[in-house]
Amino acid sequence: MTNKLEVRNLSKRFTISGGPFRKARAMHAVNDVSFDLVSGRVVGVVGESGCGKSTLARLILRLIEPSNGSVKLDGSDLRAKTPAQMRALRADMQMVFQDPYSAIDPRYTIARAVMEPFEVQGRKPTGTEEEEVDKLLNMVGLNPGLASSFPHQLSGGQKQRVGIARALALRPSLLVLDEPTASLDVSVQAQIISLLEQLRDDLGLTYLFISHDLSLVRYFCDEIMVMYLGRVVEALPDTNAAARHPYTATLMDSTFAPDPKLRRIIAPLEGEVPSPFDLPPGCAFAERCPRAAAICRNETPILSTQDSHPVACHHPL
Amino acid sequence: MTSISSAVLGLRKTAVSRAFGSWLGRIAGGFLILLVLTAIFAPWIIPFDYAKQDLMNGNAPPGWPHLLGTDQFGRDVLSRVIYGARTSLSVSATAISISVSVGMALGAAAGYFGGFFERAVMTVVDLTWSFPDILIALIFVAIIGPGLTSTTFAIAIAYLAQFTRLTRAQIVRLKGETFIEATINLGAKPSHILLKHLLPNAIAPVIVVGMLAIGDGIVLEATLGFFGLGAQPPTPSWGAMMSSGTAQLFLSPWVIIFPGVAVAVTVIAVNLFGDELIRALDIRDRIKGA
Amino acid sequence: MLEVRDLEVAFGPIAPLSGVSFSLAKGETLGIVGESGSGKSLTAMSIMGLLPLSGGRITAGSIIFDGQELTTLAEPVYRKLRGGRLGLITQNPMTSLDPLQKIGPQVDVVAKLHLGMTSREARARTIEILGTLRIPEPKTICDRYPHQMSGGMKQRIVIAMALAADPDVLVADEPTTALDVTVQAQIIRLLDDLVKKRDLALVLITHDMSVVAQTCDKVVVMYAGRAIEHGPVEDIFHAPQHPYTQALIGCIPKGLSEDEHLTGIPGTVPTVVNYPKGCAFHPRCKAAQAICSTDRPGFVTKGQSAAACHFAGAVQ
């Protein structure tokens, strides 16, 4: 069991500078996140909009510079790399993006788009370029006849397959999937998920899967991290683990089962995710939490690292 | 640079043929092609020497053999209008090419790198934006003296702000697209991002606005020529011809009318064709957003 | 309360919607479910009489609301119905509210217009409705602007506007798609309560099968501009007859067992310009035969359900 990724105390603060008519404001998009990603595993990050999950993905890939903390890929610290070293390393850690519609340059043919990784890294494919294009398109279940098409001639699902082919062209070991199916139809979402499962088995990939859809994360992942307002509030060691954090419990209750026999009267949690700017001290969930006590409003609960099922809560379930 | 030229080529192949699709586009485009050919082959098609004076035959009205009449020195107006096309078009096209190239470089650098450089460039751009084009050109010519070369640079500087601003707006918009982030994540250098993705995608609207600006450039050249700051005698330019015609405005109006008509028709044709191009490329929003 | 029969819609020469039929009684929730381009939103617009706004028109079929034929209704009469006895909740609460007007007047105007109330009566009604929608401090909310509120709160205001004239039928077009899951649960719960308490007939248009499973009594499944199966919710989920419905249910993770495996439906969702001939689903259907690419299947009824498939129920 080796760690593909070790993330320690990763934080990102964004500040909006003030002016004559408003105060400067700061928000912690990602706040003190630490976790290990074991090689070959699929870890899911789930949370609602504004919880910082997409920022976390970009911090890990160093597409955004963190304010604090470290990321190690195969034991080597990414923040210590020079820009040139970092560019070379990117071949090993790739990302599939949420919006397939704008993820390919509209002026590029599909063949040129999937060969661009080789151009960028100054590498040559093992065979001829045509063979490599065929191989990559076949790998993601696309007809190689599409090689000379332009992105606007493809459907959303086909574009997402091209995005996956581009990400896999250089045979990375880590793939960060940022809501790869959120803008696709259900029937196409299932195709893409099934393709990702198969690729993981064939190529021995490690996935970090980011999604707002708890059922999908439960289906696809080995372990799940739940984020709320920039912090990981709970790390479920397996997908059937019962929630210990009240927020996770709410999220599970709010997720509908696709079966009329499992219909239940849900007592939904009132309120909504508050603004991430200038949060009060204590647990960020305290205001909506049915179990909140005085301590929750004063002391920020810390995610235990010793536990096999870590939770950041003063009164876990 | 190969990708920029291929982008321009791509523009020519698809959009220009579509711009020729409507009858308006065909008339305007056909006229412009004819005009460019006329300018290029002017020395061979002019019926008389444009500079040859024939004082006995001054101020002759249109007729035979001087189809558009002669000016006060007896020079053939038709030959001078044809030759003037050469001056006006080449000055304007050269000036706008300089303006587009420099403006794209400045705008792309400002949009891509941001920070202090962007603020400095955009401050200067906004400053020049607040003066009329003609004033900027006049100040420049006043500094380095009249002549065709200074007219060319004056026009180039007058339109620089427009292309810098437009390019920067395109680059800033494109920078937020997912495919840029995806390419950075492939390990691409800034030069690759800029030359292979940002500029090729930004170029179409800039080229079209540049084409439209050639029309404005012709007017500006004519204006400077009218003030006697452009082409120096005996080189004919439409503006200078009109200027010299003012003295005989009522005696021989054809001296001033025909170059004026040439300017007007050319500018209308450039604008009509430019509009067709904008429609064909579907970039109206991108130009307005700048 | 509402009956739609063989509805067909055309935009010029293109017919993006045809052969849609369903009926709905008071206190019932009907789900119209489908993927993008299936025609579900067009169905909503047809019921609301909003097609002419985007250049479409109803070319065949009928929509009967409380015994009244809507397809031939004159616009001034329709205008009284729309927002009155026919309420609409749209997908995007961010754009359904006027950003320059306070919440109170925006909701008041509905009761003033449709129920002929005075300003004071209308405001009292607004506050009452906001209260039933569990909006905290309804009086203060009336003086707020839309931008001062969260997405879920805005969607409640949109629902309040739809309810203000005491409608009989409520059409909700993807009411929770733009919202987070915890907020979606709140809004769905709210709509469910409204149907029961006010004896409303609710048409819920969504792409989300789980939402349908949790809220609807009846379901219409749409594909490529046609209804392809309809029936009671239990039948649709537990004994689906149409291969598309079966496959669609197979696309949703249920989380019941470790061996669960999603496969998806091969191919892509057709758009209106390339609807396939015969049964529109045949290029993606694993049970398709020669007849499926030539003849359009009619509905085969089984119990309370019906599916438009040549081999309805024969394939599992």
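Here the chain labels run A, B and C in written order, and each chain numbers its own residues starting at 1.
As a working rule, contacts are C-beta pairs under 8 Å (C-beta built on N, C-alpha and C of every residue); 3 or more make two chains touch, one makes a residue touch a chain.
Quick caveat: nothing in here was measured; it's all calculated off a predicted structure.
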Topology of the chain contact graph, where touching chains are joined (line, ring, star, complete, other): line
Per-chain Cα centre nearest the global Cα centre, belonging to chain: A
Furthest chain, CA centroid comparison against chain B: C
Separation of mean Cα positions, chain B and chain A [Å, integer]: 50
Intercentroid distance (Cα basis), chain C paired with chain B, Å: 55
Rounded Å distance, chain A centre to chain C centre (Cα mean): 32
Junction residues of chain B - those touching two or more other chains: none
Contact set on chain B toward chain A in their complex: 7, 10, 177-179, 181-189, 192, 197, 200-201
Chain B contact footprint on chain A (complex, rising order): 61, 63, 86-91, 94-95, 97-99, 102-107, 116-117, 119-121, 163, 166, 170
Partner chain A, residues of chain C touching it in the complex: 35-36, 134, 150-153, 180-186, 188-189, 207-211, 213-214, 216, 233-234, 237-238, 247-255, 260-266, 268-269, 284
Residue ranges of chain A in contact with chain C within the complex: 48-49, 155, 157-158, 185-194, 212-216, 218-220, 239, 250-251, 253-263, 266, 268-270, 272-273
